[in-house]
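Letters A, B and C mark the chains as written, and numbering starts fresh at 1 in each.
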Amino acid sequence: MAGVTAATAHRRRAHGASASRPWGVAPTALLLLGAIYCLFPVFWVLIAATKSPGELFSTSTLSFGTGFFDNVAELFAYRDGVFWLWAANTLIYAGGGALLSTAVSAVSGYALAKYRFPGRNAIFNLLIGGILVPAVVLAIPQYLLFSEIGLADSHWAVLLPQILHPYGIYLARVYAAAAIPDSLLEAGRIDGAGEWHLMSRVALPLMVPGMVTIFLFQFVAIWNNFLLPFIMLGDDGKFPLTVGLYTLLAAGANQPALYNLILTGALLSIVPLIALFLTMQRYWKTDLSSGAVK
Amino acid sequence: MKRSARGAWPYLFLTPAIVLFTLFLAVPIAYTVYLAMRRTRVSGLGLGKGARREVFVGFDNFAAALADAELWQGWLRVLGYGALVLGVMLGLALLFALLLDSARVRLARFSRIAIFLPYAVPGVAATLLWGFLYLPSLSPIRAVLDVDYLGATTVTYSMANVAVWGGVGFNMLVLYTALRAIPRDLYEAARLDGASEVQIALRVKIPMLTPAIVLTTVFSIIATIQVFTEPTALRPLTNTISSTWSPLMKVYRDAFVTGDLYSAAATSIVIAAISLVLSFGFLRVVRDRAFREG
Amino acid sequence: MRTNRLGAALAVALTVTCMSGALVSCGSDEPAESPEAAPATAAPQGPAKLTYWTWAPNMDKIVKVWNDANPDIQVTVSKQAGGDDAAAKYLTAAKAGNPPDLVQAEYQHLPSFIAADAVADLKTETAPIKGEFSEGLWNLVTLGTDAVYGIPQDSGPMMLFYRKDLFDKHGIEVPETWQEYAEAARTVRKKDPKAYLGTFSSKDPGAFTGLAQQAGAQWWSISGESWKVDVADEPTRKVADYWGGLVKEDAIDDVPYFTPEWNKALNDGRLLTWPSAVWAPGVLSSNAPKAKGKWAVAPLPQWNAGENFSGFWGGSSTAVSARTPHKAAAAKFATWLNTDPKAIDLLVKEAAIYPATTKAQSALGEAPEYFSNQPDFWQQAAAVSAGARGFTFGPNVGVTYNAFKDGFDKALQDGTPFSAAVQAMQDATVADMRKSGFQIAS
């Protein structure tokens, strides 16, 4: 009996996801329902972005408009193409911030998971505890501080405070604990490898799938952050997309909000995130345990 | 583990995180505490130079924050909202993660992207677009289910829906990545014992996932306590949300609308303390399982 | 056991933060203590470089004209989000000690800038141009004191915008008094149950302020060394109860302005009037482009037949930072921007503002394109502007406006009288001023 099950299981594994079972459609159906729920509002933005200002509030919400390319052209031409500048800034903040954040998180998580040293838990709890303080609260003191050292209204003012993220460190610690076998490190030490070498050559490569997740989360978080750059930056040439598009929305009491540009801009600013997600997702295919020796 | 051999290495690995923590969290938090104990005093008309000065008021601001009836009503509202969001969001996230991991669903990659996609939409944008979907004259969903989505009682559910929509993909990915880190041999062994996929999910996967579930819950509790974006962005569309609907909205109002940075600082410290107590309380309940590493 | 560790960690955190807190607080808490130090720095060499925060559209084009003609004073425009957020951001920047040299300041926010010692007194620099503005507008930048804290840029006298085509269809006369407006509102409900004559917005304190001004309200005033606060005065309560009654009998709607819902109603012809300000054509043309040519403008209905009063909704000034090392240069630019005929012409054309100087107001020629059916649009505006009355704003308008939103939201939600919401505004305003130590005359 057990043998038969094992054989079926084995065959099923060999055929991957193609096997079906009694209520085998149900899981797929459930997931698709979730996907539709999540996609529907995005689909709505897609439709709204195709509408000209005149159509936005006069035609049916679910029918496509005729103004998509006009909207895009208008957005790109707005103030001599400032949209591209904002996009480039966002890329610098999100890309640079997420890279640094991933590196810091991975190294910290590795140290916290794989070493026993006095103060380990205190440091971990302290770093994690940072999440208790709302970002809204921190933005003003951070701004006053950056002003003090003369770095307010610079790219650094947006980049630096977003490197440390408690969640990233927590995730890195969990991944390091799961993906790096102690035996591998011990073997390395017996072979005479230094601690730096073990970290950079043995540990970090094993943590890559986890690091991809952290990178993605941080990238998206910084890409979408509004309050910090809003407070920190005075020069509109350094704005990220969120703050830039906001200047179109809150155009002043006596100016109309440029809804068509905002919707188009919002849609276009999601596209790079989708592209990033598609590229990153192949890293999840290698499951963590396959790399590790158990 | 021989500590002496590795000496300062873990501390060295943690240095970047600790430095960043000190500069961008600890110091601003300290500054917030400092602000919370101060207040401006003006004399006469309060116009012109020297009419306004900062004075030390000790714990007056804290006392005022604790005695503020509006704030406590805010806590009650957030409690109801939070219970709703946590239950639905984490339940769905766990369900989707398990379904994705079960290797027998079709369109897994598509669903994974689709469900994660809302996370790529900035919170403000997400709320605005759901706001469009809720409004009577514009809503396509109103044709399906005709209720006033922004009424006095329904508005909480509508806000919770936005939070669930935006957060389910993120939590799903955290849980999913943790699932991928579980050695496959465990499932193989369970299958050999004749366990069904559902049984494996319930008896093997969920127990192995517990640390991740606990931590996503803690982080979600904290994020829910800090709820701010959804009610703030929906507020212009309905008259059912006051400027102090949630505690953090009151902080924002004090700091940015009415210009009372000092009350805002005191309230935010109260919020951080309550977050600490609640996440603490939760961890106590599940203490045996929390922070356990694989 | 873990929990104890977490507790210990928190204790450590608190100790560390308190220690470093002492250091930080010494350095950064009171940049306001040395405002005199900044302007005292040596006269700068080379061209003065000024930054200017504004949200007016196309301001960079207008500033370019100045920069080309004035190589020694170069201005850089940084376009910001407008409204209340802009004020909060400027105040934060001023507190941190690095505000821009010039800032666009809405009239109602200017007093809070002054109270925070964030804007410079331009009394000597503006003496020659004082006469170019009406007394009412000038009062908004002086608060009735001897100092001058900004140069008026635009103003927003209120008028009644109405759908001429639908008025004709239903046989409604343009209301000249608020009583007639109420009658017209009831008529519209009878003729077309889906439409409303207008709506009361609980989200736009600025509009309500203008209507209260028209009725003769004086929310703040300065007498000697103390403030007089009277937000719930008789005219304001009259205005509040008037609208409250109309909402209660469902004669008018309660959809807030500028929401998608409101846009849709404008497009569908379900809203027949909008008591708004002179800048309304820009909003209408963007939100309801298809109704072009169907709207017309008239003076606001009056409280007593034969009067000619209006109030202000919106409008802003150009203020100079108290910390700028280039105060004279900044004042020179601000003066040019708001009084030079060429600059005003550009402001009207490029930034779509209604200029503040009396001369420029009467010199406006062609009607806005959206109102091309009404060639006397600007003459009407100038006539209304002459009868518009404002009042001095207080130092905590943010509190008052916030109380407006919360109070009127609640009144609409619970069906309570609007005058109670006005009283809540008064109470919140006075409580906040007392808490800060302002001298208040009772």
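Keep in mind that, in the parts below, a residue touches a chain if its C-beta (ideal position, glycine included) is under 8 Å from a C-beta of that chain, and two chains touch if they have at least 3 such contacts.
Keep in mind that this is a model prediction, so the values were computed, not measured.
K.L.:
Based on CA centres, what chain would you say lies at the far end from subunit C?
P.N.:
When every chain centre is compared against subunit C, the largest gap points to A.
K.L.:
Average the C-alpha coordinates of each chain, average all protein C-alpha coordinates together, and give the chain whose average is closest to the overall one.
P.N.:
Of the chains present, the most centrally placed is B.
K.L.:
What whole-Å value do you get for the distance between subunit A and subunit B if each is reduced to the mean of its CA atoms?
P.N.:
Using C-alpha averages as centres, the distance is 16 Å.
K.L.:
From the C-alpha centre of subunit B to that of subunit C, how far is it in Å?
P.N.:
35
K.L.:
Could you work out how far the Cα centre of subunit A sits from that of subunit C, in whole Å?
P.N.:
38
K.L.:
If a residue has to touch 2 or more other chains to count, which residues of subunit A qualify?
P.N.:
Those would be 57, 126, 129, 140, 144-145.
K.L.:
Which residues does subunit B have that touch at least 2 chains other than itself?
P.N.:
27, 29, 31, 35, 132, 138, 255, 276
K.L.:
Considering subunit C alone, which of its residues make contact with at least two other chains?
P.N.:
2, 6, 10, 13, 24, 28, 85, 258, 260, 264, 268, in rising order.
K.L.:
If you look only at subunit A, which of its residues touch subunit B in the complex?
P.N.:
So the residues of subunit A touching subunit B come out as 1-2, 5-6, 9, 12-13, 16-17, 19-21, 24, 27-28, 30-32, 34-39, 41-42, 44-45, 48, 57, 61-62, 104-105, 107-108, 110-113, 115-117, 120, 123, 126-127, 129-134, 136-138, 140-142, 144-145, 160-161, 163-164, 167, 169-171, 174-175, 177-179, 189, 195-196, 199, 209-210, 213, 217, 220, 223-224, 226, 242, 266, 270, 273-274, 277-278, 281, 284, 287-289, 294.
K.L.:
Contact residues on subunit C for subunit B in the complex?
P.N.:
That would be residues 2-3, 6, 10, 13, 16-21, 24-25, 28-30, 32, 35-36, 84-85, 88, 91, 111-112, 114-117, 143, 145, 147, 202-203, 222, 225-227, 254, 256, 258-261, 264-265, 268, 395-396, 398-399, 402, 405-406, 408-410, 412-413, 432, 436-439 of subunit C.
K.L.:
What part of subunit B is in contact with subunit A in the complex they form?
P.N.:
On the subunit B side, the touching residues are 1, 3, 5-6, 9-11, 13-14, 16-18, 20-21, 23-25, 27-29, 31-32, 35, 92, 95-96, 99-100, 102-126, 129-130, 132-133, 138-140, 165, 168-170, 173-174, 177-178, 180-185, 188, 191-194, 197, 211-212, 215, 219, 222, 226, 228, 248, 251-252, 255, 261, 264-265, 268, 271-272, 275-276, 279, 293-294.
K.L.:
Give every residue of subunit B touching subunit C within the complex, in rising order.
P.N.:
22, 26-27, 29-31, 33-35, 38-49, 51-52, 54, 131-132, 135-138, 152, 236-237, 239-244, 253, 255-260, 276, 280, 283-284, 287, 290-291
K.L.:
Which of the residues in subunit A come into contact with subunit C in the complex?
P.N.:
Where subunit A meets subunit C, its residues are 53-54, 56-58, 79, 121-122, 125-126, 129, 140, 143-145, 147-148, 152-153, 230-231, 234-237, 243, 246-247, 249-258.
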